Structure formats: structure tokens, C-alpha cells
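Here chain A shows up in two complexes: once beside chain B, once beside chain C.
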Partner chain A sequence: MRRGNWRMAEPVPFRARGFVARERGWAAAVTLLAVLAVWQIGAELRWFSVAFLSTPAAIARALWHLVISGELGRDLGASLGRLLGGWLGGTLAGLVAGLAIGLFSTLRNPGMAVVSALFPIPKIALVPLFIIWFGIGEGSKLVTVGFGVFFPMAISTIAAVDAVPRNLIRMGQSFGLSQAAVVWRIVLPGALPALLSAMRITAATAIILLVAAEMIGAENGIGAFVLRAGNLYDIDALMAGIAVLSLIGLAAARLIGLAERALLKWR
Partner chain B sequence: MTLGLRADGVSHRYGAVTALEGVSLDIPAGETTVIVGPSGCGKSTLLGILGGLLRPSAGEVTVEGSAPEACLNRLTYVFQDFALLPWRTVAGNVALVLEPHGLSRAAREARIAEVLAMTGLSEFADAWPRQLSGGMRQRVGIARALAVRPAVLLMDEPLSALDAQTRELLLDEVWATVVWVTHNLAEAVRLGERIVVMSRRPGRIRAVLRRGEAAASEAGLWAMIRDEAADAARELAHG
Partner chain C sequence: MRLHRRLVLAGLAGFAVPARAEEPIRLGLLRTLSPAPLYLAQERGYFAAEGAPVVFRFFEAAQPIAAAAVSGDIDVGITALTGGFFALAGKGTLKVIGGGLHEQKGFDLTAVLVSRKAYDAGLTSLEKLGGHSFGITQFGSSFHYMIGRLAEAKGFELKSMSLRPLQQIGNMLAAVRSGQVDATMAIASQAKPAAASGEAVIIGWVGDHVPYQITALFAATPMIAKREAALRGLARAYQRGVADYRAAFLAPVKGPATAAAIADITKYVFTGDPAAAQKITEGIGWYDEGGALDVADVKAQLAWFQAQDMVKGPIDPAEIIDTRFLPTR
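Moving on, here comes the complex of A and B:
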């Protein structure tokens, strides 16, 4: 190799920067606090009218009154019961249906036809029908949430099963694993990351449908509370209700995040 | 006491493409048979059919003899892409193939430790596949296959990432019938007792050579494969 002029040499630049997901939990907290601070300062400086948009401090005060009066507990308890029941039922049913459609070729075309035909229907439009079928009580709310969650979960499960590398399944079969063992030891763990992502989405969908169902036909629950506050032009209470919904969404996402951390250590 | 395989008039098509045509081949029990041939000649397809992972379009494969008592999986395949479960550790990947066989926990752990030691992976028993190099993943695939004490070991380019010494040590430990597909002619000559040379696509058997025969040398194999490539180029040039 020809001897070069090393005085002219330059360092090789590092080019593999970025595109690495790093967790910075503090940044999320700081961002939320900054948004609240700007919102509060904006109100103090009269950038907008507090008659139409409450301040974070006023919302916090309203929330505190709702807590100590017990009103929040009653409405939150009713909503959480419906949310958990509907979400769990719909998610489990969607998971079972998606697995059946994904795993058994005889069910694939009939199952996909039904799911594809019903999935695009806005589920909120079905709430009046569910009230007629299941009554104004808990049944119609549970069915609204469950039905709305079922389809995205089923479709995501089918896609998750399809995405499990076939060579892993062939490997299991080549070592004599039974069909059940292939499903339990290879297909389900392989599909798990996509299933948990789907649960994140269905949790948010469940909250939307719950509020819709409670606004249309309920005497209690956060959705009904928000509607009541709106009718009374109590903006502070209305926004406190919305804040509670946001906190429910955050808590659901956090729980699923913890499940991901525990179950997907291998990633 | 182990198994031999016989392919009789095996053909395979992928849609309009014929990958194998009329392949008849004996794989004698207890021998190491190496399959070589130009790229795309159907070597992996033939291995998949021999292992029961692909259904031939025509012909059949039969298995002869009886498997040793300790054998847990008669026809065991080592995948070219390792096929490791990323959510299981190295030991967990090996354990997967022992789980259906009702071994006691102690027996299972002893066998896992034994095959990990054979493949030089003892220190990595608790590592995730993503933490391993390509060669180490390949060794996990081999350890998993050895754990079931196979009667026939079918290996698709399984040893390319192993150093020569480890490779020969490993083959000394395997008492099964071995069929492996490789591009490495030096490896084929050194380790194969029988060398099957395949023609270009559609794959047919061009020659079956025994160790020690004049043509069973690296130069001899290379000449045959080069002739196949030249024939293919001539056919292409003349339409």
C-alpha cells in the first residue's frame, strides 16, 4: 500500500446518528407541566376568556370539590365498571375471534367478510339500537363499549397472527410440537407485541364509546356528568370531567406500558 | 441402529418454476451425505422434502430402519436462518424442543447444559438471541437440534459461521445420519462421506460420489459445477 501523507488525514465521521428510541420519562412530565403553565399564564394575561376555557387552577379546584363531595367517586366508579367490563369482554372476544380466523383457514374468508362488513360502522350510531335491545341500564353501555372494541382487536389479532414468521412455526412442527403447543409457545408469544399495541388503541376507543353511551342514555358516569355540567354552563366542572377522562386514558396507557415492559423484556 | 432415507422420483414446482425434477437418491443410515450444486438448483428444496417440511409435487420420500431409543425427534432440521424464538433465551430455545417429551426438569436441564457445552454456548445460556452474533445463533440452532438426539440431522448451510475446529468436533459428536447442504466445496470434500452433486435448475442428480473417488475432490466438484454454469450460459445465449 502506498504510504500516504498522514498530515492530510482526517477522522472518519460518525454517521450512524439517531433512529434509536430512548426513554426520557422526565421530558414527558416537563412537557405536560409546561403546557399547564402556559395555559394558566395565558388566562392570567387574558389571552382568552375564562368564561369559555377554565384555567388549570380552576379545574383543579373543581376536581377537588367533586372528590370531597363524593360526586366524582360515584360517577367514576360507574364509568370504570362499564369501561372495564366492556373493554375486557370486547378485547377477549376480539382476541378469540381473531385467533380463530387467523389460525383456521376454513374460518378465514367467512370471518374476514363479517368483520370487514361490520368494522366500518360508526359504533356510536348503534347506541340507540343497543338501548332498544338491551335497555337503558348497564347492558347497552357494556355492549356499546364491547362491540366497539371487538372489531379493532379482532382485526389486529388476525394481522398479528399473520405476522408471526412462518419459519418459526415450521421449526416447531419439525420438532414435533403439537398444534396446541405451536399456538401456545410460538404463535401467541410472537403475536404478543402487536396484541399489546392493539390493546392501547382499543383502550382509547373504549373511553370514547363509553362517554358517548353515557351521554346518550345514563344518569351517572363521567360522560353523563360532563353533559350535566355543560347543560348548567359549569365550565370548571365540565373541564374537570374531561380531565378525569384524560387521566383514565393515561392510566390505561400506563398499565399497558407496564405490561409491555414485563412481557416483552426480550426486545 | 439408525435411519436412512430414500427419495424416489421427487419433483417440486413453485408455481410455474420447476425446482426439482425426478430426483431419486439413497441416503444410507449413519453416513454423512453432503449436497452441493449451483445456486438455485433446489438443494434446500430437496432438504425440506427429505425432512417432511415440503410436500413434493411428485414422487415420495421413505424412511428406513429404526431410530435409537434415546432419539426424541427422528428427522431433525437445522434451519438456514436459525429460526430462534426471540422471546426465549438460549437455554429456553433449546428447552422448547424438549418440553413436549415429558422429561423431568433435571433431565431436561442436564441435556440443555450438555448441548450448550458441546456448542461452546454454556456462558450464554441466559442470553437473548438478539444479544448473540450470527455464528452464535447458528450454534444455538445446532444445539437445539442435537438436544433431541436426532436419528437424521438435516442441515441447511448450518456450519458456515463455525470455525473449522468446532465444526469437526461437532461432527465427531453426532452419530446420526447427516444430510447437509453447502456451498463450501472444501467442507464437502473434507466432511462428506458421500457427495451429491446437483445440476442447475430444474435440479437433478448429476453425480453421487464417494469419499476417495477421483472426482470427489474440490477441483473435481468445482469442474462439475462450473460445467453446469457454462451449460446454463450456453442455453441462455441460444434461447
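Moving on, here comes the complex of A and C:
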């Protein structure tokens, strides 16, 4: 820089480029398609044995066969019912319990003690016990999913309530808002973003537990289907079932994304 | 980097060394009474004497034995021919080489066990099993096969039953004792105590209605291709074990041979159990002379799994059976 000659100063180029996340939706699709293409071509060219690793085409065929035979519809219907019932029940219960623990000091320590003690238990280990308590039918499956979803939801709710800025609450109180109005107008909206991202995680947890619950004593459902295909070493069907599970997960994430967009418009 | 490459080369060289005959054959089996002739052959040194030393690898369930043979963790196995086994064998990885335990009339091996609740409600005979819930370990397991054959023999619809895959034998027993399922199957040493407790009732024995060859000896294809001589030695030792077993348990007269065989078998099962001798003699099952393979029965099993759409695609039975090692029935 030439000192003292301000008029001749060169224009400074705009440097604040990069490091800004820009969405390129097509790139995600292209990446997945490219992986599938390489997989298929590799199989066609015999780069690896297809005896125990299916090909995308074979998986698609197996999937199509399941669709037209109606088997997929039956299993998917049973699984989605359990998933929705268990997840909704567990999420609502976790939300209520988390709010209660987060808002009321009397409940905080006793509630946290119970939640913290039960949260780390691997819920999959409880499946045989749930079968004895709630029967081999739908009961034990709904409870397994719901129980597994409840704890992360409750803990996230407590943390979300704690994270609402205190000064906003104080401000509301200074303006003479009632206790209920503070909760409804300030605490809940403030906690909502964290609650929705907790739901993303509990949705994935619910799918994992659904499969675990369906692996014992279930006649239908995607988990039972995957297990059955695995027992029979029907690799195409096994991978088709896994693809369906992945699609369920993607759909759940998409739904929660839509909910975020609708509920968090005010941000 | 150079060190790394050298390690890889060394590793490849290790794999390339041809298997020597004295290298022990890894044999996969369940820790149950059913492979008893193999226990005798091992304890009496027949495998070593025939130039085919064997190490046992014990498994918890039948299907993983077949999978372990495919993955190269074992060379030979003895187990039930499950749907999963046929699917793997159909890919050219496994071959059945000899016969094993048989369900046979007069041998109380596998019982059909009914919960007290279902029995009192009228499930008193095998013909009435249609429409009831039934606990099995897995789809395509020997239990699945046996209830399918019972359905054919007794004239009820398998499709009308609700089959419950419970993964473990322990779960099956617990489910029928607590009434979670109406019926299941169990081997004598587990079915009799359950019946004695009054929580379940035995309504029949599988062998009396659908005799068949439950287990078979099989080998992984690389074992047959590369170590045929060792496999022949193993087959000879197996035959000697079967001969001892038949002399001890299947001959009309029980004598000192029986006591000696029980002593050898208790090194593997019922170890330290004071009632071991009784449990072994009560649980003993049929073995054909010479460990003969019932080829027609293997074909019938494969056909059943294919008819049920559990084993897919055409599989030529000749491709999954190798009769060069042991006699056939």
C-alpha cells in the first residue's frame, strides 16, 4: 500500500467468500446414484462376487416382487403403525415429563434421578421382559419403542427448557405476564427448536428399537422381514428390507424438517 | 510404507502356503447330545489315528455353523439342514457328505409341547394344531421344517398357524410354559420336566409321525477341493465313532460299552450332572450304520423349503451332495 496517497488506493476485493453452506440438492442425488452405478457396474464386470453382495438391480427386483405380492404393504403397514404409536406415545410422555421436571423445582431432582437411572439401560435388553409383561403381540412392541423414545425426549426437553434465555423470562415477568403465559409464550417457543431436533434423534432411535422389537416373536413387520431374510440368507430380500428401513428414516427426517419449517417460521 | 507393504506380502505368503494334512480340521457343532458319535471319535483318538486331527468349534445355533463354513471359520460341520443352509449350499459353498441323527419311530427325541391353557381349551392332539400359535427358533429352522411336515402328515394347514420366531430354545420353552404361545417343540430332556411341572403337556413325538434325517455332516467346498485325503480320514474316523455309538446305545443289550461311551460323552455334555447317564440313555437317537446319508431325505427337505419359497432359485440336489466320502442309505 502506498502511504499518503489515499486517492490512488486500490479497491479491496471482496474476500468473504466460501465457508457459507449453500444447498445443492442435485449433488446429493447424483452422489447416491453414482454410488449405485459403481456398485452395479462393479458387479457386472465381476470386480467382486455377487454371491453374498447383491446388486442394486437385484435389490430393486426383490423390492418390486415384494410390492406386487403385497408382502411389503402388509409388513410396512404393521411397522408404521408400531412406529407411529410407539414414537408418539414416547415423545408426548417424554415432553410432558421433561416440561414438568424442567419447570417445577420440586420435581427436578427426583425426576432427574429416575430419568438418569433408567436412560442408560439398553432397551433392547428389555425386549424379552416386555414380552412377558405386555404379551407377545403389539403391546410389547409399542412399549419397547415408546420406552426407548421417552428418555432421550425427556432429557432433551429438560435441557431445552433450561436453555431458554433467562432475561426473556425475567422480561415477561416484569411486564406482569402470568406464570402460564410465560410458559406458553416464552418457554415453549424458546425450547421448540431444540425439541424438534431432539425429535429427529428419537425418530432414528424408534426405528432401531422397532426392528429389535420385531425380531422376537413378530409375524410381520419390516424387522421380522429382515430377520427372516437373514435367517434364510436371502441376500436380495435382506438388502431390500434394509433399503426400506433407510427410506422410512429418510421420510421421518423429511417430515420433521417440514414441521420445523412450519413451526419455526417466526425465527 | 515399505514396512507396511512387506507386512502385506508376508500376509499373502501366509495364505498361499498349502494346507498340510496334519493341520487340524475345524469342525463346527452344537454342544448337545446329537453329535455324540463325534465326541466318541475324538475322545478315542480316531481322528488322529486316521490322519485327520480335528478341533471342535462349538456354536449356539444351527444356522451360524453353515455361515461359519462359508466364511472360512470352520472346514466341516454337523447340523440340521435349515433353509439358510440350503440357500448357502445353493451358491456352491457347502456340500452334504454324510448322515447324522435321525428322528425315528420309537425314539423320543423331539416332543410337541402344548401350554396347559391351550391343552385345557382343547388342543389335545397333533391334528388340532391348525390355527394355533407355535414357537420356533427362526424361519427356516428344523422346528419350522418339522411343524411343516407334521402339518402335511396330520392334515392341518401350516398357513393357518401363526409361527412365532423366538430366536432361542430357552425363549420357546418359556413362551409355552407361560402360555404366550399355544405350542412349540422341545427335546426330551427339556420337554419332560416342563410336562412334569404341569405347565405344559406333551401331545406327541415328532419321530413317531414324521421320521427324517435331522442332522447331516457337511464340508465347505474348499475343504473338499484341497484336502480330500484329510476329509476321507475324517469320514473313516466318523464311521468308527458311529459304530461305537451304535454298539453302546442302539444294540439290544446295554453293557460295559454303554458305560464307557457315557463316560466319554459326559466330557462334552451334562458334565458334572449326577443324572447324566440317565439323560444320555433317554435322549439317545438313531444313527444309520456307517453314518450313511439319506440322499432321498435331503432332496425331500430341499424340495419342501423350495415349495415354501424359503429357498429361492433352482438348486440341483446333485450339486449340494457329495457321496464319495460316506455310504448312502
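The definition used in the following text is that the second predicted complex is superposed on the first by the 245 of 267 C-alpha atoms of A that agree within 3 Å, B and C clash if a C-alpha of one lies under 4 Å from a C-alpha of the other, contacts with A are read in each partner's own complex, and residues count from 1 in each chain.
Keep in mind that, in the parts below, a residue touches a chain if its C-beta (ideal position, glycine included) is under 8 Å from a C-beta of that chain, and two chains touch if they have at least 3 such contacts.
Every value quoted in this text rests on a predicted model; they were computed, and no experiment measured them.
Engineer: Label the relationship between chain B and chain C on chain A in the superposed model as either fit or clash.
Structural biologist: Taken together on chain A, chain C would fit alongside chain B, as the superposition shows.
Engineer: For A:Gly217 in the superposed arrangement: first (chain B), second (chain C), both or neither?
Structural biologist: The second partner, chain C, only.
Engineer: Once the shared chain is lined up, is A:Leu92 touching chain B (first), chain C (second), both, or neither of them?
Structural biologist: neither
Engineer: Name the contact category of A:Leu103: first (chain B only), second (chain C only), both, or neither.
Structural biologist: A:Leu103: touches no partner chain.
Engineer: Output check: A:Ala204 vs chain B and chain C. Expected answer is one of first, second, both, neither. What do you get?
Structural biologist: A:Ala204 contacts neither chain B nor chain C.
Engineer: Quick one: classify A:Ile131 as touching chain B (first), chain C (second), both or neither.
Structural biologist: Only chain C; A:Ile131 stays clear of chain B.
Engineer: Considering only the touch criterion stated at the top, classify A:Met112 as touching first (chain B), second (chain C), both, or neither.
Structural biologist: After superposition on chain A, A:Met112 lies in contact with neither partner.
Engineer: After superposing the two complexes on chain A, what is the shortest C-alpha distance between chain B and chain C, in Å?
Structural biologist: So the smallest C-alpha gap separating chain B from chain C comes to 51 Å.
Engineer: Quick check on my understanding: which residues of chain A belong to both its chain B contact set and its chain C contact set?
Structural biologist: none
Engineer: Can you name the residues of chain B that touch chain A in the complex?
Structural biologist: It is residues 51-53, 72-73, 75-77, 79, 81, 83, 85-88, 96-97, 99-100, 128, 130, 144, 148 of chain B that touch chain A.
Engineer: Mind listing the chain C positions that touch chain A in their complex?
Structural biologist: Per the stated touch rule, the residues are 63, 67, 70, 82-84, 87-88, 91-93, 133, 135, 138-141, 162-167, 171, 174-175, 178, 180-181, 310-312.
Engineer: Which of the residues in chain A come into contact with chain B in the complex?
Structural biologist: 165, 167-168, 170-178, 181, 185-186, 189-190, 192, 264, 266-267
Engineer: Spell out the residues on chain A that touch chain C in their complex, using ranges where they run on.
Structural biologist: Listed in rising order, the residues are 51-52, 128, 131-132, 135-136, 215-219, 224, 227-228, 231-234.
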